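As structure tokens, the structure follows; a few thoughts come after it.
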Amino acid sequence: MQLHTLKKVTIVIEDNLRQSLVKKICELGATGYTCHEVQGFGSRGARSDPFANNVEIEVVCAEPVANAILTFVAHNYFENHACIAWLMDVQVVRGSRYVAS
Amino acid sequence: MQLHTLKKVTIVIEDNLRQSLVKKICELGATGYTCHEVQGFGSRGARSDPFANNVEIEVVCAEPVANAILTFVAHNYFENHACIAWLMDVQVVRGSRYVAS
Amino acid sequence: MQLHTLKKVTIVIEDNLRQSLVKKICELGATGYTCHEVQGFGSRGARSDPFANNVEIEVVCAEPVANAILTFVAHNYFENHACIAWLMDVQVVRGSRYVAS
Amino acid sequence: MDTSLILTSLRDNLLTPIPMCFALGIFCKLIHGGIKIPKEFYYAISIYLLMSIGIIGGHELAHEYHDHGVSTIWKPALATLVLGCITPIVAYSVLRYVGRLSIADSAGIAAHYGSTSAVTYIVANDYVNNMGYKPDAYVPTLVTILECPGIAIALVIGAIGLGMEKQAKASESGGTMAADEESGGSIWEALHEVITGQSLMLMVGLLVIGFISTLVMPEKKFEVFKEFFYSKNQIFRGALCIFLLEMGLVTGERLKDLLKVGPFLVAFGILVPLVHGFLGAFLGHLAGMNLGGCTILAAIVSSASYIAAPPAVRLTLPQANPTLSMTAALGITFPFNIAIGIPIYFWMAKSLGAQ
Amino acid sequence: MDTSLILTSLRDNLLTPIPMCFALGIFCKLIHGGIKIPKEFYYAISIYLLMSIGIIGGHELAHEYHDHGVSTIWKPALATLVLGCITPIVAYSVLRYVGRLSIADSAGIAAHYGSTSAVTYIVANDYVNNMGYKPDAYVPTLVTILECPGIAIALVIGAIGLGMEKQAKASESGGTMAADEESGGSIWEALHEVITGQSLMLMVGLLVIGFISTLVMPEKKFEVFKEFFYSKNQIFRGALCIFLLEMGLVTGERLKDLLKVGPFLVAFGILVPLVHGFLGAFLGHLAGMNLGGCTILAAIVSSASYIAAPPAVRLTLPQANPTLSMTAALGITFPFNIAIGIPIYFWMAKSLGAQ
Amino acid sequence: MDTSLILTSLRDNLLTPIPMCFALGIFCKLIHGGIKIPKEFYYAISIYLLMSIGIIGGHELAHEYHDHGVSTIWKPALATLVLGCITPIVAYSVLRYVGRLSIADSAGIAAHYGSTSAVTYIVANDYVNNMGYKPDAYVPTLVTILECPGIAIALVIGAIGLGMEKQAKASESGGTMAADEESGGSIWEALHEVITGQSLMLMVGLLVIGFISTLVMPEKKFEVFKEFFYSKNQIFRGALCIFLLEMGLVTGERLKDLLKVGPFLVAFGILVPLVHGFLGAFLGHLAGMNLGGCTILAAIVSSASYIAAPPAVRLTLPQANPTLSMTAALGITFPFNIAIGIPIYFWMAKSLGAQ
């Protein structure tokens, strides 16, 4: 099995920001994303009712794109929105597909 | 992008234990958590009907807290409950926020 | 806390392949799996309506099993199906349980 | 009360949409069919059904109260309470001393059989109404009374039994073992969970709401709620079809566990409900209930909880194997009651002289 | 209009299933009870309710239009538009200059109070119908008119206020600060979000559908839709019970935030709606609306949006603290209106001479 | 049968809530509006609709059977079976030899057009009932007959075609290529998937349930189920409004794919249904069906499956591009049929002499 080491960015954020954020993620060079609804608790309290819940977005991408996404998220959402973001290394099958040229 | 290396604990467990476990997780020093419902299959059979399903809980925290959580889970739930738990390193943006002082 | 280093395979794939794929995953030596529905976007477009959505499957297992699963997925689904798969190291509590003998 | 009557009543009971939807669910699982009811839809229907039981029950209770005060209801209520205390003890004794199950498993299963199943109530209620025997107006109240005490008693029995076993082992080994308090939540926690759980909160909450608003509102204004939650049964029975379809799917999935649990539990899941059912019909008749009421009381006493009991048992007696109790409650007793039990309880109540 | 009448009307309004379901939800959260309404069920009901308001509104509007053209409706429509412009300004002024809240928080909360709450409309509509005062046929149209302008105006006020504040700071510090354009989306984006959001799309969409099909279809064929979406209120009010149960659960969860937000916001959430309600009843009466219509207009003008406004404010004024606005709108004003406000608005409208 | 009649019937068909809800869904997507129907709500409604078709169909079939035995139904059933075999062959031939699509794509799309769409059935049924032409009682049975065979035949055609192509390539290249068995599941698996899939299980299951319980239960007791699942259409049509709103949203999302699929597929999605519809009306008339029945048979024969077929095709012919078939079935043929097709089939059937 031929594997590529890439980065996986995970962002947990207010659900109503989903649409604009994923649009931005694709603009920043990601080839795709996967997301699902989650409940959460953090410094801004519980986010688990119909008026306030979160989405977890996963993006497999090359390191520069990952950095661009995290920078965007940190700059735009950290101050005023419920948000957490982390990065990890993943071994991806046919990984070159997810590195936009 | 300034990143902190922290631990991420992931626990998959019977959904009806969610409330008491997340309470405990916060008591053990985590600053928050993110969770969502999952279906599962393991040594205790399938867990995918309304009477029996699982929840996956993710906690970003410092190593000592992670160890405390895993110890608590192993000690209290492993013998009699459907449960799996794992740990990994993650690069967290503004990571110091998630290390309770 | 005694931890075992194992592999975690994550597969995001068309939901209607779930049943046959998890069956195969167990045949290939995994002791269990955890899955949940996700929405996605990739080279085959958006997958987020009732007629087309994805499932994310997580499997904790030993390296040979992980390789077998990824090989199976790559060989069978990559050409004609919406699919992405990656691998990472995880520290598992009572990890020996998830290494089928 | 000859056999042909039972057969006819069986046929009239079984070949109707509600039990057949249950059968369709089982059948679908057996042939690996693809019916999938979203969990949220199932929950939505169960919320609707519980609210219906509550509000309509409160509504009829208000009429009863208005007409007779508490004179007609206190005896049946007491009888129900007594039944709620007896049944878990009967079940525990049979499981522990006849079946030789572990203390935890015996107490866990007993908690299920000490409580009750709302769907069995609904089907029994439909059954007697269909037979033309309108049950007493206060019966839904009895369902809510029966929900709790049986679980509490079984959990206490389990806790005492385990405590004594531990002491016995400790004195045997001659040493002084430290009590392992961590394992299992306290009984109070478990009871709080049952009492404030979805089933009781919705049923009792809506019972109170139905009661008060019937007393306060003019009958005509209450009508619309009655329509939605019950009247003419339109939405109610349709929702029940879908609910039982899902119950059939779950039961079908668990049918293969029947083989694992062994013949004792299968016999238990059929015979003990018959005993409990007889006790219910008998005490109900003593308490002055009518034929419809006695039949329903028998049915709910005989039924086993599969919604309220499991989380409480899981919390207090985590050592108990949930497969045993769920298979018995959902895989054996529930279909037995739906298909055969209710007509038998009806026949029992009739034989005892209830009218 | 003596006190005993208000008390009776209060009792008749409060001790009915719909407000009591709301109370049950709050009670359940306070005792940490286990009622859980799946989010999807809640969404399903809110979709149904919005569609109902729209299609039935369109249906009645078509009749009105058929009978009177636009002669009866233009004045109330204008009055509603005026109210949609005044209320956010009133709310902003009180918050900023009496309450001394930040510009962003003041404008954010004002946006909520400038818009309206569909559920408050429904409850008010039920209330006046129950009292026997059928509202004017075009009232649902007014709800849709009221949804938007208030949000727009509050957001503009906020943007201007923040811009001026920034300039002031810049000139104070004597330097030339670069405008930080990134923070917050544009007002146009936010307005697009409100106008094309779920509430307005469904209400206006179904209003148009109801309007056109009433004009085109024979009355008898439209009947089935009327049945499903409203007639006799059967499904409609039942669904509302469940909806308010969930609203109660959410409100109960937020009640502890009441302590945090402080007494000013509590007073604001009660007094400003009373002022807005009076303005609504007054202008409605001037515009020739009947007693039922004036009461409803007062109720919707006084109500605060908790569905349409929050995402728009989040987008444009992310610095505004959502806990403040949600607690005021959902935790104070909504229950106040349901429980006490609506009878008061009715009494106001009656005192003003509406019939 | 002049044009003005078609126009009137078009207007009567289009300007009613159900098609307008579909249009609202499309419109909402085009302006990037925010209507979001939770997937679970959509599934819940589709479960309800399928169960309704089944149980009401079984109910009416039981009456028909009771009155006439199988004498009236065998000919229409046979006609339907024949149509189920012809239509995939017609569709495949057009796609492969006129459109020059690949074997997999041709067979995949043909499988969709060989099967049928339950919602088209419902809308057609509503249409003829509205026109005052009650269809034959056994028509829902025909829907279930039509579901399967077309998919099977198209998949077999695809498998044979691909096998032959592979052989041809192998002999061309002169070598002996190993058969690549792994790619694609077996046809039997796919057929099992269709037959035991949600649509057929629910429709056939409830058809049997409706049939048996109608024969066994007294008519009066069956009434409540009829009420819930159909009678007076109340819940049924309301649910359909919401269902079509979601279908409109999905279709709107896919409209931009129309540009990609090219003019041939657009023409295919309109003309082939017209041919199939004509065949349906013709054979239905031959088999002795009435005007309502012929119209519905034409509509369901012409319609393309977008629920049962896609997973089966995905399993057996994974090389087929799902965008092509879904765009054609859902984006072209479905709206065409709802908006224009059904009145045309009605007119065809009438012209053929059906009454």
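In order of appearance the chains are A, B, C, D, E and F, and numbering begins at 1 in each one.
Methods note: a contact is a pair of C-beta atoms (placed from the backbone, for glycine too) under 8 Å apart; a residue touches a chain by one contact, two chains touch by 3 or more.
Everything numeric here is computed off the predicted structure, so don't read it as measured data.
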item: Mutual neighbours - chains that touch subunit C and subunit E alike; value: A, F
item: Shortest chain-hopping distance from subunit A out to subunit E; value: 1
item: Chains contacting each of subunit C and subunit F, listed by label; value: none
item: Pair joined by more contacting C-beta pairs (A-B or B-D); value: A-B
item: Mean-CA-position distance for subunit C and subunit B (Å); value: 20
item: Distance between chain centroids, defined by C-alpha means - subunit E, subunit F (Å); value: 43
item: Averaged-CA centre spacing for the pair subunit F and subunit B, given as whole angstrom; value: 46
item: Centroid spacing, where centroids are CA-atom means, of subunit A and subunit F in whole angstrom; value: 40
item: Per-residue overlap in subunit C, given as positions that touch at least 2 other chains; value: 36, 88
item: Shared-contact residues (touching 2 or more other chains) in subunit E; value: 38-40, 43-44, 235
item: Inter-chain touch pairs (all); value: A-B, A-C, A-E, B-C, B-D, C-F, D-E, D-F, E-F
item: In the complex with subunit D, residue positions of subunit E that touch it; value: 11-12, 15-17, 20-21, 24, 27-28, 31-41, 44, 130, 232-235, 237-239, 241-242
item: Touching residues (chain side subunit A, partner subunit C) in the complex; value: 1, 3, 6, 8, 22, 26, 31-36, 60, 88-94, 97-98
item: Partner subunit E, residues of subunit D touching it in the complex; value: 38-40, 43-44, 47-48, 51, 55, 192-193, 196-198, 201-202, 205-206, 208-210, 212-213, 216-217, 221, 224-225, 227-229, 235
item: Interfacial residue positions of subunit E with respect to subunit A in the complex; value: 39, 42-43, 182-183, 185, 246, 249-250, 253, 306-307, 310-311, 314-315, 318-319, 322-323, 326, 330
item: Of subunit B, residues touching subunit C in the complex; value: 10, 12, 36-43, 54, 56, 67, 70-71, 73-74, 78, 84-88
